[in-house]
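In what follows, subunit A forms one complex with subunit B and a second complex with subunit C.
After this line comes the complex of A and B, so read on.
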């Protein structure tokens, strides 16, 4: 059985995605939720670079990956800001305590 | 830009500009709000009248947004321009009337901004030839209607009425959107003149869906059976709003839609009959409800529904010209009646007709104009309501004689409730005190309308020319004819019969005490009419059903992040499965 490097990279991308989804499902800590989101996006980024290489447009894939990095950073920053504010206001980082919208 | 393009831009843009300006200036002083609103509304009316001289069948393209959306195009043809003139002209009168009526109210900028926003949207709705734009304008008018019905937002009844109107007219919007999408799928563009020229461009199986979808849309917007219940509840709005939106303009949009698309749909099996029946049933049911209501504005609302029924009936019978002619007459005399009723309500402080009575001596001017409007509504010669209503009855007689009989009975009922309303408000024993007659701004607004109710029928010839095939509307088959010719056609034996029935209706209220036996016999009918023939109960049932279903589904909303992620992942898996299966 021949194993090619692209296969491995794709496998890693899916693995990262799976880890992120599992963490999102399992954790209730807001910081961990944000970390899980980051892991998922890293998987997607890897897949983008790979897709660029496979379609022989490496520049395009890398450009898109860079764009994702920028957007992702903003998401992380805003998410963490919200987490800090929630910790200050509710005194907890558990998402279970944030169910006020439900009556 | 060509002259029509500039005029269209002005007629549509001035009210919207006015809305922004009034809103931006805010509630500094009452006077600024009044003045700005009146200036912009009157300027728009002038632009609208100017447009009347620039009609033509060619579309005017203001901007091309390309692709799916299509160009922003307007067609200044007879049908559209006529309704745009009605919207801006009666709109400006309603704004002028508001100067007195809304005197001392808070948040006038919100009131005038929505009112001007509405006028602009209505102009856009009737002038555009882009289906998608038409849908947008359609929804904007619904939004403004909602906001203005609920203007007194601390009154729960006003809020409920607004929400009801919004939801019911929303049902119609869906039909319109589907029609726009179907048109785009089959022709690759949004211009509906393509469809009017050749209905076959749309697949033969889809055309009926569109036709009946548009009928539902029109029925919802024009408060036709079975959606007639929202209009009476919309009467919580300030009275100038009722006159403008819920009598003279927005509720006509449904009739306009049917008339506009008649050339495309009239060969769909059963469509014309369905339209005619909707109009017929509405006209009769609403007339009965008007005959038992005791709230002055509700009587007028039911009578609006009933008269709109006449117009829809005329479209179904193939009388596009008759329906539009009645639309013109009705806009004038119903706006007049509503505004005069507003003057009465403003002076007395109640809407209950049982608490009025004998107001004629205290409000002589209002009495005169109200009676002019009432006579036009009842269809007494030679006012405008007489000519247009008889024209509709004659079209109906040619199309289906049995329906003519029912519609004539409806005309008799109209005369009955009109006379009842006038006598309860202005004659008989006085139960209340009015502080003075209508104010100056009110009189300025009422006088042109009263004059119009007396004279617009003289415009029958020019009006027919405006809508005729050779000038602006190539697909509707309306022939230009002289005023004399049209009026001569109205005078015939069936007209006399209708007139006799109308007079019988009037006498019915005069001799009501002698007819008490008949009254007792019809008590069941009156009770049913008082309870809106069970439609309110159906509405309440639907609302209850939906709220309890929503309460039941609350369980699915845990509010927990992890469960939401489960939902997202499940949705993702389903999408992947669909892609993998190659569907």
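After this line comes the complex of A and C, so read on.
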């Protein structure tokens, strides 16, 4: 079986997505949750650039990847801001300590 | 020969991602994430997207890492060795199920030829002519991010102002 470049990129995109989802499900630290989101988005960006390349419209794929980079950075900024504020108010970064929101 | 670079960069990015989620210290985790970003940028460059690779390298591996280090310095680099909230097999089952579902959807799309389209092959034409709305959206998102950072910085100032009159009353 021949292995081509799209197979490698698609495989690593799926595996990055899997690593990110696993970390989202298995971690309780807020900053680690943001790290997991970043890893997932990197997989999505790779898949977008690959899709543009494979469908002979690389400009479109790259434009969408640029939009994802901007959105992902702002998600990181807002997420880290929230994490810092939660740490200041609750004294912990553990998501289990945020149960006051349920009441 | 070129495929070796792809394999090395892909394996490195994956290894960095796994090390980023398994590191005990948050600072170490942020540094592995920066490594993952740099290798993903290399993959993008190899795929023929040098503009996106440069942006990913400067924003993903540079700016975001600085933000992480800043936030970890404020919040404290506490150990992340907390017990897993779900029983161990459940995340693995969900991850494998999700990858299988997405893979099935992607393969179905590829075989149908549904991805074929008439887009531009030039990044600048696509960005400024076809996806101009995306540029406006990006400006709005960046503005939201700036407001978020201002909210973080303004909180400390407000507390400082509130504390000052209280201390004056105590003196009186």
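In this section, the second predicted complex is superposed on the first by the 102 of 103 C-alpha atoms of A that agree within 3 Å, B and C clash if a C-alpha of one lies under 4 Å from a C-alpha of the other, contacts with A are read in each partner's own complex, and residues count from 1 in each chain.
The working rule: contacts are C-beta pairs under 8 Å (C-beta built on N, C-alpha and C of every residue); 3 or more make two chains touch, one makes a residue touch a chain.
Because the structure is a prediction, the values reported are computed rather than measured.
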Let's test your reading of the overlay: on subunit A, do subunit B and subunit C clash or fit side by side? fit
Dominant toucher of subunit A (residue count), subunit B or subunit C: C
Check whether A:33 is in contact with subunit B, with subunit C, with both or with neither, and answer first, second, both or neither. first
Regarding the shared-chain residue A:70, is it in contact with subunit B (first), subunit C (second), both, or neither? second
Contacts for A:25 in the overlay, against subunit B (first) and subunit C (second): which applies, first, second, both or neither? both
Under the stated touch criterion, which partner chain does A:99 make contact with: subunit B (first), subunit C (second), both, or neither? first
If you take every C-alpha pair with one atom in subunit B and one in subunit C, what is the shortest distance in Å after superposing? 5
Is there a shared patch on subunit A that both subunit B and subunit C touch, and which residues make it up? 21, 25-28, 95-96
Footprint of subunit A on subunit C - complex, ascending: 2-3, 6-7, 10, 13-14, 17-18, 20-21, 26, 29-30, 33, 36-37, 40, 43-44, 47-49, 51-52, 55-56, 59-60, 63-64, 67-68, 70-72, 74-76, 78, 80, 82-86, 90-92, 94-96, 98-99, 102-103, 106, 115-127, 130-131, 134, 137-138, 141-142, 144-145, 148-149, 151-152, 155
Any idea which subunit A residues touch subunit C in the complex? 3, 5, 8-12, 14-23, 25-29, 31-32, 34-36, 38-39, 42, 45-46, 49-67, 69-74, 76-78, 80-81, 83-85, 87-88, 93-96
Flag every residue of subunit A that touches subunit B in the complex, lowest number first. 21, 24-28, 33, 95-96, 98-103
Can you name the residues of subunit B that touch subunit A in the complex? 554, 557-562, 565-566, 569
